[in-house]
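Got a structure for you, questions after.
Here the chain labels run A, B, C, D, E and F in written order, and each chain numbers its own residues starting at 1.
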Amino acid sequence: MTSNDIKEEFTVADDLYEKGIKKIQELTQSGDDDPTGFMDIGDGFKDIAPDLSKYVVEFAFGEIYSRPGLDNKQKVLTTMTALVAQGKPQIGMHVKTGLSVGLTPEEIVGCIVHCIPYVGFPSVLNALRVTQEVFKEEGVTVKTPEE
Amino acid sequence: MTSNDIKEEFTVADDLYEKGIKKIQELTQSGDDDPTGFMDIGDGFKDIAPDLSKYVVEFAFGEIYSRPGLDNKQKVLTTMTALVAQGKPQIGMHVKTGLSVGLTPEEIVGCIVHCIPYVGFPSVLNALRVTQEVFKEEGVTVKTPEE
Amino acid sequence: MTSNDIKEEFTVADDLYEKGIKKIQELTQSGDDDPTGFMDIGDGFKDIAPDLSKYVVEFAFGEIYSRPGLDNKQKVLTTMTALVAQGKPQIGMHVKTGLSVGLTPEEIVGCIVHCIPYVGFPSVLNALRVTQEVFKEEGVTVKTPEE
Amino acid sequence: MTSNDIKEEFTVADDLYEKGIKKIQELTQSGDDDPTGFMDIGDGFKDIAPDLSKYVVEFAFGEIYSRPGLDNKQKVLTTMTALVAQGKPQIGMHVKTGLSVGLTPEEIVGCIVHCIPYVGFPSVLNALRVTQEVFKEEGVTVKTPEE
Amino acid sequence: MTSNDIKEEFTVADDLYEKGIKKIQELTQSGDDDPTGFMDIGDGFKDIAPDLSKYVVEFAFGEIYSRPGLDNKQKVLTTMTALVAQGKPQIGMHVKTGLSVGLTPEEIVGCIVHCIPYVGFPSVLNALRVTQEVFKEEGVTVKTPEE
Amino acid sequence: MTSNDIKEEFTVADDLYEKGIKKIQELTQSGDDDPTGFMDIGDGFKDIAPDLSKYVVEFAFGEIYSRPGLDNKQKVLTTMTALVAQGKPQIGMHVKTGLSVGLTPEEIVGCIVHCIPYVGFPSVLNALRVTQEVFKEEGVTVKTPEE
């Protein structure tokens, strides 16, 4: 094993952070000047928990979001549902991610409305409120089925 | 308006139950002899809540599962996530539905594992345990990525 | 079967929306000019989920709230408890419904306080805060037991 | 203040446990030979948390269940809903209490089914399963509405 | 038994409220002029639930917080975790209590961050936001590990 | 930079798994022949999610449990509380960990009982049941305060 081989192998490990950042760029379509884009990776907590953004980037994005099995659209669908089910305000950011990876507005609303029989109306209504605001900000309109 | 017109219009309304049953057949690939297949529509509660299966069939399947916006695979992904997030035992039945609508075992596991950063390890481990049993029963194997 | 019989039967089915609206009117004591009164049926989402208010009206009110078994006061007690247990902001609207169907302020507070041994103090305190605001808006006072 | 006055006043305080036990007897219709009846007051934990049953009896029953505001039927409705919303197995014991305080089987089922729009189907189906078992044990049948 | 014996015994019972208040003073380092300090004991609800603060003081503080087994630091760690896990806004008040009983800022952040594998990132990020504000108000800084 | 330096640096990265395993050994007092001891790291899922145990070991134990801020006893207290608050069956395994890191049985019970005002009685009673079983298996007795 040459020094170079070792270096390469080392790079793999070292790159978990890099891998996470690349995944975020892919998800948010953000450029190298602002690599995490609209994604909150917790770097507002540098003063009290400076290691937090490392966990978000390396574990959540470098490992879990980089896992094979699901495509990005499916990953964001899953994320949104987990947030609706728990009533978390982060739903707004992930609606944005949904649009960014190519989920249609109809799919995003479809996902949230599909939760009604499983989590009840209140959680769904609260999530739709945030979604509606994001859609307004993003200038997105929903093609509504004629009924 | 002829009697026939009225009858037709009436049928539309009457058919919400029928529509739900058809959706369940589509989801479970069940035949007309056993139209609800492995799906628990709550008809074990005929003695205490005889209207319950009507709500499950008409509302959950006739309305929500029949909504445009998501395809069946996306609907089952959403369902599974909502159940993982809440720790509900119904996850097993919906893993079965996932296989039935064509989600690969990798997608099903991918969905559950993707929940880790949003709901934590315990909920995911508990859901995987049930999934593993369903896979065994169904003779399903997961193509695992070499690492 | 005459055309009229069919029409009548059809009306039953067709009227699920109408039945839901009537139930809401009964619950909110709202007139025909503003049939849903203070009840949020989700029609603020016409742009992104135009079918949502149909589900709220038909399923939640036309089916579930129209079910025999409980009277209106018991239905609102149950609703309020479900919202307290989940920490949902909709508690305020349903405190209003409680007053409208004739629950006394003492019963409303009694219901929320009764949840303490089952859900803990924080959820109860947060729900009481919203209740207190609704009571102020509605000019309602609580007869407090001498201790 | 005579010694008797003090004794009386003291008795009030001392009686919080007694008051709780009396409330439990009232709720479970249990006699003095088995004062807590079918109610689990946590005295199976005497070896690891000997003070636990004191908290259950004094706080939950002596204070909260003894509060004016709601009658016993309303208190049990509230309790059952809180347990359904959280998916707790204690629902069975409180279905029993419901029957004991005079809730009809229709009211008990009505309460649980009423939760569907607020907590979703899975929690309700799971609670109905336990309820069905209790009804069987107690020889209770539900008068079902003709549909 | 003399009148004095009875009085003493009576005092024990009567003192549950007093005992709770003393515990709050100990936890919040508040003086006799403002015995409950920054702790919200629910006395903002005197108009609608005048007995509520009695339950908070007597049961939560007089009984549970006064229990042997854990020291105050451990009690506040446990409290904070329960609030993080449920996403309750009361986390801020109990971060303050943590500082007051001598938990270091590193322990407080450590506790919240430790929840990630058990409850997921969103709950933790939301709790850290409130913690950060409390730390700012209190002029507290976190010694961050070099990485 | 010599090949050795690189190797050492590489080892740091590579050792995240090793670091996690060492942490588990420390927590469970397990020997090198059975390094993960009684801790479930998810390696029962090798057939369906072979990467899962890597996440548990590396992220949960290599990162979060290895974080400075809290000592092991505090970490297990936090873990137990998060599990009690969510009603997760994993509480049993972590009660075992608590004993292993030196929490007294009184502290373990104290932690669970302390949750009552924050999560209610049912969650606490259910967790105590599991704890009681673990204590029996481990031959542990609780020194109970005389009351």
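Observations on the model:
Note that in this section contacts are C-beta pairs under 8 Å (C-beta built on N, C-alpha and C of every residue); 3 or more make two chains touch, one makes a residue touch a chain.
Please read these numbers as outputs of a predicted model, since none were measured by experiment.
The chains that touch both chain A and chain F are B, C, D, E.
Two chain pairs are in question, E-F and B-C; the one with more C-beta pairs in contact is E-F.
Of all chains, F has its CA centroid at the greatest distance from the CA centroid of chain C. Simply put, chain C must spin 120° to overlay its Cα atoms on chain E, rounded in steps of 5.
Our note on geometry: chain C versus chain D, Cα centroid distance of 25 Å, whole angstroms. Averaging C-alpha coordinates per chain places the centre of chain B 44 Å away from that of chain E.
Taking each chain's centre as the average of its CA atoms, chain B and chain D sit 35 Å apart. Annotation: 29 Å between the Cα-based centres of chain D and chain E.
Among the residues of chain D, those touching two or more other chains are numbered 51, 55, 59-60, 64, 67, 82-83, 86-87, 109, 113, 116-122, 145. By the touch criterion given at the top, residues 87, 105, 109, 112-113, 116, 120-123, 125-126, 128-129, 131-132, 135, 141-142, 144-145, 147 of chain C touch chain E in their complex.
For chain E in complex with chain F, the residues that touch the partner chain are 59-60, 64-65, 67-70, 74-75, 77-79, 81-86, 106-107, 109-111, 113-119, 145. Against chain E, the residues of chain D that register as touching in their complex are 2-3, 6-7, 9-10, 13-14, 16, 51, 55, 59, 63-64, 67.
Put simply, chain C touches chain F in their complex at residues 116-122. On the side of chain E, the complex with chain C involves touching residues 40, 42, 44-45, 47-52, 54-56, 60, 82-83, 86-90.
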